[in-house]
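In what follows, structures are represented as structure tokens.
Each of the next two complexes has chain A plus one more chain, namely chain B in the first and chain C in the second.
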Partner chain A sequence: MSVTTDPVALNQWIPCAWNGQIRPGATRDTQILGQPIRVTCAPDGAISCNVLDGAAGAVGRALPVTQKFEIIFATLGSDPRPLPKIHEFDEPGRRIANCGSVGVNTSPFRIVENFLDMAHFCFVHTDILGAVDQTEVLSYKCEVRPDADEVWATDCRFFQPAASKSAATNGKGQLTHYKYRVMSPFSVMLYKNVFGREDLDDAICVFIQPKTETECIAYMTMALVDEGSTMTQIIDFQQSIFLQDRIILENQRPALLSFAPNAEIPTKADLSSIAFRRWLKASGITFGTVKEAA
Partner chain B sequence: MVIRLYDYTLSGSCYKVRLMLGFLGLGYQAVPVDFYPGREHKTLDFLDINPLGQLPVLEDDGLRLRDAQAIIAYLANKYDNSGQWLPRDPDLFGQVMMWVLFASGELMAASAARLHDALGYPFDIAAVRANAHAAFRVLDDHLAERAIEGKTWIVGDSPTIADIACC
Partner chain C sequence: MEMGLAKGWVPVALDAQIAPGSSHPVVINDMGLAVWRGSSGGAQVWEDRCPHRGMRLSFGFVRDEGLVCLYHGWEFSQGGKCRKIPAHPELDPPKTICTRTFGSLSYRGIVFASLDKAATPDLPADSQEEWLPVRSVFVAVPMDRVATYLGAKDNVFGAVATADGLGCHRLALADGAQITVALQPVGAEKAAVHLTSRGADADLRRTLARYAVRMRRILEIS
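Showing the complex of A and B:
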């Protein structure tokens, strides 16, 4: 596809590499919103980003870049929506896990909706995030928070046989408490209570790089409380979960998200997804969605 | 002495070994390797364990082995007293080895396609996909013929390491 003209999509910070992905002195060619770009890591570690123009890929204008949450972001817009505040990443004692990124061939919004969905836990993450004999999604609350312009789902609870690497090691299930937060059209996170603790939440984020409307790269970063697991074990756990989702995501049809009320039939458990679609539609974004006939 | 497996959960090759260990009822100690994003399998420490910089690696009783196909053949040879998984009958043995080597040869194009799509490896994806489709066609045709003959497994009348290698 050619670069999008959608102003809402253009005015977002888009992930284009994770910290450490590009060695000093090396570059990474990729795409954001249909625009080929080159991310460069200078010998001193400084990061820059340029668009690549035309079929020959000539190095063109420089793009604004910023680094946060173990990710390098760039924007094609002149007035990007600010990156969210996630204070857990600045909290002393947190383990910051950079799980790298995984390619997913679907719309960015399918990835967000899958992340919000609890009903699939039992079937896609069987015996880990859900058990087949406890499939009910208990009722939860959902709202758009006008101050931050974010979608939040709260009071979410789900029985999980192995809610995290820490829980899996300890071999006991728990009723996990969740909060979900859509931070921008292309980023979503959840808070889930640390295994065995009601007063502390792990923060787990997905930032999405839409290369095109239906080709994405998902970046996973986390700020966890887990003193027992190695970083390799923590990353392995999260990647295993995400790769289970990936199979489902790439088989959803259509890949683009539809705003038409009769296109897909939601249930009560999809409250957060309904709120997300309404919020998304109200933003005026069309990138990554089914274009409705006028 | 405990069997030790240098392992990455998402690796199809490591999965073959875990599956074989499971079918043989063998306990083992997994040593998780940060294949991605850490590229731990290319570090000097890991190259000491496997100079090819590849997973899986199995250690058993002082022996260290690399290559999923070699490992599952070793495990079947040593631990499967029934001889079912690695048949000694000359015809069956020959066919099993043919499909095991197909799994480590032509069929690896499918793994390359996954590495490209999921982890961004810089492969020629069109060529890799075409090779993977060609390999799957050969396997599919064989399985179709077997099904017509009323057979279930790639070779013989029971599962062998050929089925594990091609899974």
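Showing the complex of A and C:
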């Protein structure tokens, strides 16, 4: 596709690499919102980003870059939506897990909705995040918080056999408490209560790089309270969960999200996705959605 | 060469391919279908899309004579009505929640689908007996090129395909065996060819299957 002209999509910080992905002295060519770019790591470790122009891919104007949550972001816009505040990443004693990135061929909004959804735990993540005999999604609350302009789902509860690596080693299931938060059109996170610690939540985030409307790269980073597992175990667990979701994500039709009222049929369990679609539509974004016939 | 069993009917698979309790993706003119079968009875042909969040139903699993979507476990009974939504176990799903279903029938060992509510044709008495599966091959050429090739006398089977009045084509081999060929338009540049036979023993059926693969090579290279 050619570069999008959608101003809402353009004015976002878009991930283009994870922290440490590009070695000093090396570059990485990729694409954001249809625009080819080159991300460069200087010998001293400084990161820069330039557009690549024309058929020959000539190095063009520099783009603003920033680094946060173990991810390098660039923007094509002049006034991007600020990156969210996630205080768990600054808390001492937390383990920061950089789970790298996974390519997924679908619209970024299908990825966000899958992350918000609990009803699929028993079927896509059987015996890990959900059991076949405990499929009910209990009612929860959902709102748009106007100060940050974010969608939040709270009071989410789901019975899980092995909700995280540390719960699995304890050998029994739990009624896991979740909160979900959509921080921007292309990013979503959840807070999962730590097994045995009602006052503490693990923070698990997905930041999405849309290369085109239907080809994305998903970056996962986490700020966890887990003293028992190795980093490899933590990352393996999250990546295997995500790869189970990818089978679904790449086989939803259409890939683009529709705002038409009768295109898809939600239920009460889909409260957060209903709020997300309404919030997206209100933002005016068209990138990644089914375009209405004129 | 007309398409399909009779006007409006298109072949989608060999009966033998759609085993009881299985579900398969099929594409007709770039449209995705899910072809599945319960523990017994005829193959069902549905739109390959769950009405909930668009997940392809062909990835689903067959349970209790219904098809269950792999994403959230929504269960659909034969006829397409949703009978269970696991996220709300006590809920009786509204009757309006259903998949889009199409007509289906079996003829000479081949499953046919009707995408636009064509009337079920009268099938002759010979339609089910003795027709055994040979092969399906997928060819990266338009369906019409396959038809032209089979209509020429120097094709790989050594017999000219003739329309049999019901939209399939029949080849009569020298030793008395007969082949039914049904052509499926997958996309503009891709077709499926489904073959069954009558009066051919196992060795001959294996040979015919190899000829079908040779036909594909000939069509794709030229």
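Basically, the second predicted complex is superposed on the first by the 294 of 294 C-alpha atoms of A that agree within 3 Å, B and C clash if a C-alpha of one lies under 4 Å from a C-alpha of the other, contacts with A are read in each partner's own complex, and residues count from 1 in each chain.
To be clear about the criterion, a contact is a pair of C-beta atoms (placed from the backbone, for glycine too) under 8 Å apart; a residue touches a chain by one contact, two chains touch by 3 or more.
Because the structure is predicted, anything quoted here is derived from the model rather than measured.
Visitor: Following superposition onto chain A, is the placement of chain B relative to chain C best described as a clash or a fit?
Guide: After superposition on chain A, chain B vs chain C: fit, no clash.
Visitor: Once the shared chain is lined up, is A:Pro254 touching chain B (first), chain C (second), both, or neither of them?
Guide: Only chain C; A:Pro254 stays clear of chain B.
Visitor: For A:Thr135, decide between first (touching chain B), second (touching chain C), both and neither.
Guide: Only chain C is touched by A:Thr135; chain B is not.
Visitor: Quick one: is A:Ser101 in contact with chain B, with chain C, with both, or with neither? Answer first, second, both or neither.
Guide: The answer is first: A:Ser101 touches chain B but not chain C.
Visitor: In the superposed arrangement, which partner chain does A:Arg246 touch: chain B (first), chain C (second), both, or neither?
Guide: Touch partner of A:Arg246: chain B, not chain C.
Visitor: Tell me which partner A:Met231 touches in the superposition: chain B (first), chain C (second), both or neither.
Guide: A:Met231 contacts chain B only, not chain C.
Visitor: In the overlay, answer first, second, both or neither for which of chain B and chain C A:Phe123 touches.
Guide: Touch partner of A:Phe123: chain C, not chain B.
Visitor: Please work out whether A:Gln21 is in contact with chain B alone, chain C alone, both, or neither, and reply first, second, both or neither.
Guide: first
Visitor: Chain B and chain C, closest CA-CA distance after overlay, in Å?
Guide: In this superposition, no C-alpha atom of chain B lies closer than 7 Å to one of chain C.
Visitor: Taking the stated contact definition, name every residue in chain A that is touched by chain B in one complex and by chain C in the other, in rising order.
Guide: Shared contact residues on chain A (touching chain B in one complex, chain C in the other): none at all.
Visitor: Which bits of chain C are touching chain A when the two form their complex?
Guide: Listed in rising order, the residues are 32, 48-49, 51-56, 59, 70-73, 85-89, 91, 97.
Visitor: Within their complex, state which residues of chain A touch chain C.
Guide: My answer: residues 113, 117-120, 122-124, 135-137, 247-248, 251-254, 264-269.
Visitor: Could you please specify the touching residues of chain A with respect to chain B in the complex?
Guide: Going by the criterion above, the answer is residues 18, 20-21, 98-103, 105, 217, 230-233, 235-236, 239-240, 243, 246.
Visitor: Residues of chain B touching chain A in their complex?
Guide: 8-10, 32-34, 36-38, 40, 117-120
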